[in-house]
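Naming follows writing order (A, B and C), and every chain is counted from residue 1.
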């Protein structure tokens, strides 16, 4: 049963109807990346790739995660089709986790495509031989799990979860890594950056609006093991709490759902 | 002539109708009140003013420290004088820059408010066939389009103006003697920039929403469009900062960079920086306020890292053209056709 | 099969269902009530979507909320018209079959059978987005019956069905009831519900107003005597004979030559009339009771 739910949800999430916006986004990223790199040849290919991943790859990953994680249950509630799922003989935690895993897989697939596109734009076909690229594939998969799980939990707790996920992805995740002290530890983005082991830059990190960590100027001194543990833990704890919450909650289609 | 329906008078009703000018307002008012009744709306309005709260707190604390240090001057001599000079940073304030910072730091929350208010504005009508209801009343397509526009625009512009208005009133009451009053007219420029910015959000959102049957999908598409264009601006900014990094890596200090004016950039970078939705909004605000921005929170300005204000005239007309395009899309999509499902 | 024990449900300050106790067994039960009476709340509690605030519900001996054991025996046709619009009708029903635990081939086979029963076999390969309301209704019915459940809840199933569709649907439901299924139908179309069952469950403003057999309930409504209309070519003679019966409370001769009566104890009145006809060789063309139906009972009980 779990397998069927996972596969059918994955088929739905990876259908051309859903993917078209992301195909456009990836193409836009490729175009932007190419333009940007042609103006920044002096950076060197490794630093260029690292900067592009920081600026585009990880940011877009958070956006993709916000979209698909909120589609797991909140999308069904909004479409009112949740009633068909909740009156079938499926234990609710199985339903939730199966769909969540499909969402995480989708996020990871789009993330990996992004990494490969950025690598192709930057290194050309030889990028596939770079250890840094394959390391990033792993980091993106971990990031998909952490963002996917966390956003799913937000969507369990709040109506209009997509808005709060956006706030987290482009508010919290941008500001917190630039805050003084060890606050960067509380950002998933910091852990992903730390795991990538990308080269660092001497570029200035101007204040809270800064893009320092994205361009390799921020703190990256988190041990690899700690970052992996944090990302996995965020995913597992979020999924567990979401399953508990889902098991107890009532989902009645609202007439004013938007 | 006999008819199986006894009373056909409703077909030729010639009684009083409300004046045509009021009908769009019925739709606009309904949307506006719906937004104002939403607690999340006010939560995000509060959040959008976070910069003002922070900067006022910083000023308050610095003034307290400054006042204590002033008392020390007599006993501690020149060192205390220097301390006072350093921390009386309020005197260095360019107040209208704070308007710009407040507006810039609020961009993300303005986006969220726009999504909250506008994503479902037409998509939900498409889904529920409410267009049939609207257009079966003595309500024209124009009434509907104008009503929806103002129904979304008013809550967004309110959300932008309210925190700034609080800051303005507080500043006028507390810092009038410290230069705030000099820049009071700049508040009107800020409101103008906000009005145009809200129009940009509203037009794009309504255009996208009219193409969809689910508010959530419309919101996702606008959110993605906003963020991807924002990534473009961030990339340009990173490129803008690159020369500083290179010079610094050669051993120069930031002050040396600034002093020597060694930064030589491609002239296309400056307009390209404003090539996103929030870039346009901030660019227009910079042009109208006649400031370049720079570091917020009372930190010293960093001209080499600051992207100068764009040509306001160009930005305004570009925004107007984008608004017109998306409103045209919206206009074309308003059709009284029943949508199954 | 379904037990409700002092069940109440509050939505904030609004009460959806107020201290309802009942037992619903096999056969067809019509769940009746005006808008806001609590029908949908009750159906949502029985289908395990929401919990009672107080009291207890048991379906086949188990609490239904989020309980897969209950859902194996329960089919639900919701009132909402939302679907996975990008699927075809066949894909949707098969998907529901897979979610019910069937393998691919069995889900396919059952779907085909159900689509034939609801009259959608020839149109089920088009996208649901293009379906009319009647077609959507049929697809919902198919998915509710797909897994051969013991209990079937149909929330406004007749909405959007054309007369032929209604007739076919009623035959299907009657067939299921004959096989011992427990079927609950919520509907506003009283005349058609009446053709299906005389077993009603009447809610009004959250309270259970009446439950049981329609005729029994009608006979208990003393406040409203039965109205009976006799069509005859000799109205004066029939009227004078009717006045000899104790049951008759009032009598009216109308211009069309019919006799309108108000009677009490309808059960004893009808045999008495039969005797009078035989004894006095009365010519009777028609005898009808315009208020001995579901609609009248409904109106009398809710005071509408």
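Assume contacts are C-beta pairs under 8 Å (C-beta built on N, C-alpha and C of every residue); 3 or more make two chains touch, one makes a residue touch a chain.
Owing to the predicted nature of the structure, the values given are computational and were not obtained by experimental measurement.
Colleague: Determine the chain that sits nearest the middle of the structure, using the mean of its CA atoms as its centre.
Modeller: A
Colleague: Compare the CA centroid of chain C with every other chain's and tell me the farthest one.
Modeller: Comparing chain centres, B lies farthest from chain C.
Colleague: Highest contact-pair count belongs to which two chains?
Modeller: The largest set of C-beta contacts joins the chains A-B.
Colleague: What whole-number Å value describes the gap between the mean CA coordinates of chain A and chain C?
Modeller: 50
Colleague: From the mean C-alpha coordinate of chain B to that of chain C, what's the distance rounded to whole Å?
Modeller: 56
Colleague: Please work out the Cα centroid separation of chain A and chain B, and write it as a whole number of Å.
Modeller: 26
Colleague: Could you check chain A for residues that touch two or more other chains and list them?
Modeller: 79
Colleague: Check each residue of chain B and list the ones that touch at least two other chains.
Modeller: Residues of chain B never touch two or more of the other chains.
Colleague: At least two other chains touched by the same residue of chain C: list those residues.
Modeller: 82-83, in rising order.
Colleague: Looking at the complex, which residues from chain B come into contact with chain A?
Modeller: 40, 44, 104-105, 108-109, 111-112, 115-116, 119-120, 124, 214-216, 219-221, 223-224, 227-228, 230-232, 234-235, 237-239, 241-242, 244-246, 248-249, 254, 266, 295-297, 299, 302, 305
Colleague: Chain B touches which residues of chain A in the complex?
Modeller: 21, 25, 28-29, 32, 36, 39-40, 42-43, 51-52, 55-56, 59-60, 63, 66-67, 70, 74-75, 78-79, 159-160, 162-163, 166-167, 170-171, 201-204, 206-209, 211, 214-215, 217, 258
Colleague: Quick check: in the complex, which residue numbers of chain A touch chain C?
Modeller: 1, 4-5, 8, 12, 15, 17, 79-81, 83-92, 247, 250-253
Colleague: Per the contact definition, I'd like the list of chain C residues that touch chain A in the complex.
Modeller: 44, 47-51, 66, 68-69, 71-72, 74, 76, 78, 80, 82-84, 86, 95-96, 98-101, 143
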